Amino acid sequence: MIHFDSDYMAGALPEIMQRLIDTNLEETSGYGTDEYTRRAKELIKSACGNDNSQVYFLVGGTQTNKTVIDTLLERYEGVVAADTGHINVHESGAIENSGHKVIALPSYEGKVKAEDVDSYLTSFFADETYAHMNIPGALYISFPTEYGTLYSKEELSAISKVCRKWDKALYVDGARLGYGLVAEGNDVTLKDLSTLTDVFYIGGTKQGALFGEAVVVNSESKRFANFTTIIKMHGALLAKGRLLGVQFETLFADGLYTRAAKNAVELAMKLQSGFIDKGYQPAIASPTNQQFFKLPNEVIDRLSKIATFEYWGPRGENESMVRFVCSWATTAGAVEKLLAAL
Amino acid sequence: MIHFDSDYMAGALPEIMQRLIDTNLEETSGYGTDEYTRRAKELIKSACGNDNSQVYFLVGGTQTNKTVIDTLLERYEGVVAADTGHINVHESGAIENSGHKVIALPSYEGKVKAEDVDSYLTSFFADETYAHMNIPGALYISFPTEYGTLYSKEELSAISKVCRKWDKALYVDGARLGYGLVAEGNDVTLKDLSTLTDVFYIGGTKQGALFGEAVVVNSESKRFANFTTIIKMHGALLAKGRLLGVQFETLFADGLYTRAAKNAVELAMKLQSGFIDKGYQPAIASPTNQQFFKLPNEVIDRLSKIATFEYWGPRGENESMVRFVCSWATTAGAVEKLLAAL
Amino acid sequence: MIHFDSDYMAGALPEIMQRLIDTNLEETSGYGTDEYTRRAKELIKSACGNDNSQVYFLVGGTQTNKTVIDTLLERYEGVVAADTGHINVHESGAIENSGHKVIALPSYEGKVKAEDVDSYLTSFFADETYAHMNIPGALYISFPTEYGTLYSKEELSAISKVCRKWDKALYVDGARLGYGLVAEGNDVTLKDLSTLTDVFYIGGTKQGALFGEAVVVNSESKRFANFTTIIKMHGALLAKGRLLGVQFETLFADGLYTRAAKNAVELAMKLQSGFIDKGYQPAIASPTNQQFFKLPNEVIDRLSKIATFEYWGPRGENESMVRFVCSWATTAGAVEKLLAAL
Amino acid sequence: MIHFDSDYMAGALPEIMQRLIDTNLEETSGYGTDEYTRRAKELIKSACGNDNSQVYFLVGGTQTNKTVIDTLLERYEGVVAADTGHINVHESGAIENSGHKVIALPSYEGKVKAEDVDSYLTSFFADETYAHMNIPGALYISFPTEYGTLYSKEELSAISKVCRKWDKALYVDGARLGYGLVAEGNDVTLKDLSTLTDVFYIGGTKQGALFGEAVVVNSESKRFANFTTIIKMHGALLAKGRLLGVQFETLFADGLYTRAAKNAVELAMKLQSGFIDKGYQPAIASPTNQQFFKLPNEVIDRLSKIATFEYWGPRGENESMVRFVCSWATTAGAVEKLLAAL
């Protein structure tokens, strides 16, 4: 059986496993106060090219979204997001559990439009009764989105401009950030993210780490002054914090993060081409590691004999939307086998 | 100046004020443990005709929604509501502040459809990943809705049936309940609400009391076993609880609640007829005390010289939606004066 | 039966009831945007003599404590209080429900000592692991305390100094403030509270209003910039806000607040003297409207035939602590009758 | 430098690292739905000998405490704990952040007494005003405690009996469970914990895993029916859940968990004997891997040249309390070196 269900099915990149083995019996202080973590932070700050940035490591994506958003917002503020945004759909109400409304805007293949955000904020604050509403305090977007799509630098700049005009924080969920950065046609860099956003995170879990997300805070925000306490309060402070440091140091020391992402995206493009060759156009124009197709159920059933992948929505009468995900661990052989069975 | 802004602009019905004066210097125990409160509860239970019902008094509407919904839901559950529902729009995120998502469904003049609720729940629980979502735990509807519309008994029964099928609590926000109960064409009674819902509240603040809402819990739910503690925890337990008892006893002792509501609705119908006579059709077919019209801005400006009322949405270029609200305190003279200026 | 159970057994001062009657049928805008509220705020600001103060009205004490403390604290901060403090004992976990720890310090007849606060904060921040704790963000004290005792101006100044040294907010629960201000020997004034504290509230519920507490914010704190939204989110925004304005305007227009408090305290002193004359020393040296005695159970049982009052703690084998509370509504006759039965 | 700071300074047991390497490139489904996790659960259930038990895996201790306690309690309930309990001191208010008060009882070397719990509950529910308090809903104890001490089976049974008498859940924090189970004189077994408690957890982080805690739920509680959603909502659901399964399967397949714990405790005993031999009595009679001594500052300074360890409280003028922690990774050589320097 070959697997295209998700990008967190395998363990970690061999380089990371090796590094964990090599450092295993060293004894260091806990909670991220060790040298590995310090070096990993330096490497990431350097990659972002922003001296004002601060880097923090958390374990998982929902945890990171919950903790960061709770930090960015006042208790009476909500977070604006695409209606398809992960925080609005697949996080078990983690944001609301911290007391914040997720204010959903229409999405376009997973993306929000700067003008929609602007006109939402305009009409919100024009409403004389807005003190009786949950006040928007930040914008959440994902890069790539849940649909594999990307914001262009122009789009991201426009969104950033709107957020700054309204003094709202811009937070980018980068669970699959690397897969976006290396995508063909992408013109957004880590440095852009460091200047255009207030906070973003560099996903590790889906990009070759056992686990771990690197939060990059770009503003000298007072809100993050006691971030360690906030992380701990959210149950999100890893005791053996150096495990995160070791992994991210390995990912960012010599470009491993990028190389691993490239593998996934190249294979996803190969997969896409293969489908197109067989007459199946992508349902969404995704240049990243997730590929969506509306396929006849008989084709789906045939592929299911050799591969696992996910339905995207309910199974239709004759055809259904399905998703194929490549990761750093996907092999060319697996893609070929899938295409052969198509 | 005459006023049609809202139904909470005046104090209380003279009968209520007299009763508060009459009982003012009596000394009773606090927090609703007094005789007035006991009698008010009996009167309301009797009006509802449900021996299993329990009655509690709170001070205001948002407070009641927040406290009741937090009691109905598990901590990981959300509440389903019309996208126009008060809890989704005008309560400053009070529901989310208690940790619960408001799951918005499409609305039709403020109402949700039983089939929409059913199909939402069907697809929610058909989704294999639903454990990763905020689980719907209750349905919130308002009667009358924020648009003055009413559910028919048939509609309410259908909604109740769906909720019971899925074992979800049905909660009715009755901030303006009396104005609905007395409306022409309404076929829903307090007894119906007592059998078809799990909890509803009988609004006092907008219906002639200084303040106060009567929560009627129809099921012998274990969830309400420590409701006094929950109310107190939400900062919603009135020290001089008898003030609520005295007011609701007065409202329900001899039909005052109904008489006062009738005045408002009759005048609202008179207002509506007057507008129709002048060629302005209601924007929404509301049989209750709120009336909505789309009027030319010049008409709005003319009326504004003698009356206050609210825009319903932003002012348009040529015409705008406005709302006129009648209450127990509205006089026939005020409606005539408004119509004369139309 | 005569009553000494609590200071919220009767309705409101006749002057307040009259004012509510006089203004009853006026129609004003809601949520405290009316003229009565504006004037009441001006009167209170003037009484406090602090032009920077802002005044807000809420309905009840627990609600006020919950809303104000949640506003003063960051989400990861707790509030320091006497172990006997109302928020630590009798508010059903309302503070924790908003996410904040109540950090209890030892109390002395209901009071905390400035040096205890200072040494607690000193050792807290000296602990290298303090980021792993709930960080103290404010100090809560009550004036008078739950035991009827008062801080002297010197004590209050010392506490204020410690709070400012550590940059922690000082909040005073003044549910019975008037009873403290008029007490013999008291040297603390409203002006002192306005300069020495960050926030305090002037209790109405226990001092002659039907309900209502006036929150005085003395600093130009950004935290209170959206306080109306926070109040609403907590379900604490009264629709007919002018009821609070009318009551506090009446209380502060011509010294009624002080006069009513004096009645209570004078009678409490008369009660105290009477007990002393009969050989019962007060258990706590309270100069305010609450009086505590340890009495033989036979005496308690005898008094219970003509009067109601509360046990303070469990009934002992031979003697028990009881509390007698006088209020603005207590009469000289009631005190005489009680003493006669002693 | 040798290290006795804590029991989470090294990575993982070599057997665990090997197993992670061996399974690294396998692709499995996420969130603990894999075969490793299933088998690990079976092994733990088998070790506990309770067919009704359910096992869940979380990442860290504070996270586990926060998530389990929030699941055990109603929203208006608090958790009773020793004043020295980890949740009351060192979790950044994580419990309060979920809305629950930590109700502190006096502790005796980290332990609570069954009779204290009973008399607290007795007087709580005897208080007629208890509805105005935060209602105790569960008891939290730790085994071993934060001071390394253990409850005997008799003590644990007595505590369990009190909890059942009052229908309160008993939850045991087993961050260092193994170190307690193997201690000399300990007569408590996993089976005892499975019958005497409602929930307990078997710590992995401090006992040889990279991270991970195994929660054992012994009752067929409805509260845990949607525990996966609750875990996710708390940001505590690990994407690559099999990492937890692989580790705990390794720990419980052939007694590794016990063997590793024994190493730590034997060395701790050796350390203790060494100190006694040199004339330093343990400050607390701990039979587990944590040892506490009050040492002259000059001795502390001397040891600090070759070893790291923690002050337990502030440094005193002449002598100070310090803690030495052995773990699965501690070597005999390290202990000898420390003793040699004493």
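Order of writing sets the chain letters: A, B, C and D. Residues in each chain are counted from 1.
Throughout what follows, contacts are C-beta pairs under 8 Å (C-beta built on N, C-alpha and C of every residue); 3 or more make two chains touch, one makes a residue touch a chain.
The structure displayed is predicted, hence computed values, not measured ones.
K.L.:
If you line up contacts by residue number, which pair in B-C, A-C or C-D shares over half of them with A-D? Let me know.
P.N.:
Answer for A-D: the repeating interface is B-C.
K.L.:
Count the C-beta pairs in contact for B-D and for B-C, then report the pair with the higher count.
P.N.:
More C-beta contacts join the chains of B-C.
K.L.:
List the centre-to-centre spacing of chain A and chain B in whole Å, with centres computed as mean CA coordinates.
P.N.:
For chain A versus chain B, the centre distance works out to 42 Å.
K.L.:
Between chain B and chain D, what's the gap in Å when you average each chain's C-alpha atoms?
P.N.:
It comes to 50 Å between the two C-alpha centres.
K.L.:
Quick one: report the Å distance separating chain B from chain C, using the average Cα coordinate of each chain.
P.N.:
Inter-chain centre distance comes to 33 Å.
K.L.:
For chain B, what residues touch not just one other chain but two or more?
P.N.:
Each of 75-76, 91-93, 97, 99, 131-135, 229-230, 232-233 in chain B touches at least two other chains.
K.L.:
For the complex, give me every residue of chain D touching chain C.
P.N.:
Listed in rising order, the residues are 75-78, 89-93, 96-102, 104, 123, 126-127, 129, 131-135, 314.
K.L.:
Provide the residue numbers of chain A that touch chain C in the complex, in ascending order.
P.N.:
That would be residues 70, 74-76, 99, 131-135, 226, 228-230, 232-233 of chain A.
K.L.:
Quick one: which bits of chain B touch chain C in the complex? Just the residue numbers, please.
P.N.:
Residue positions touching the partner: 3, 5-6, 8-12, 14, 17, 20-21, 23-30, 59-67, 91-94, 97, 205-206, 210-211, 229-230, 232-240, 243, 329.
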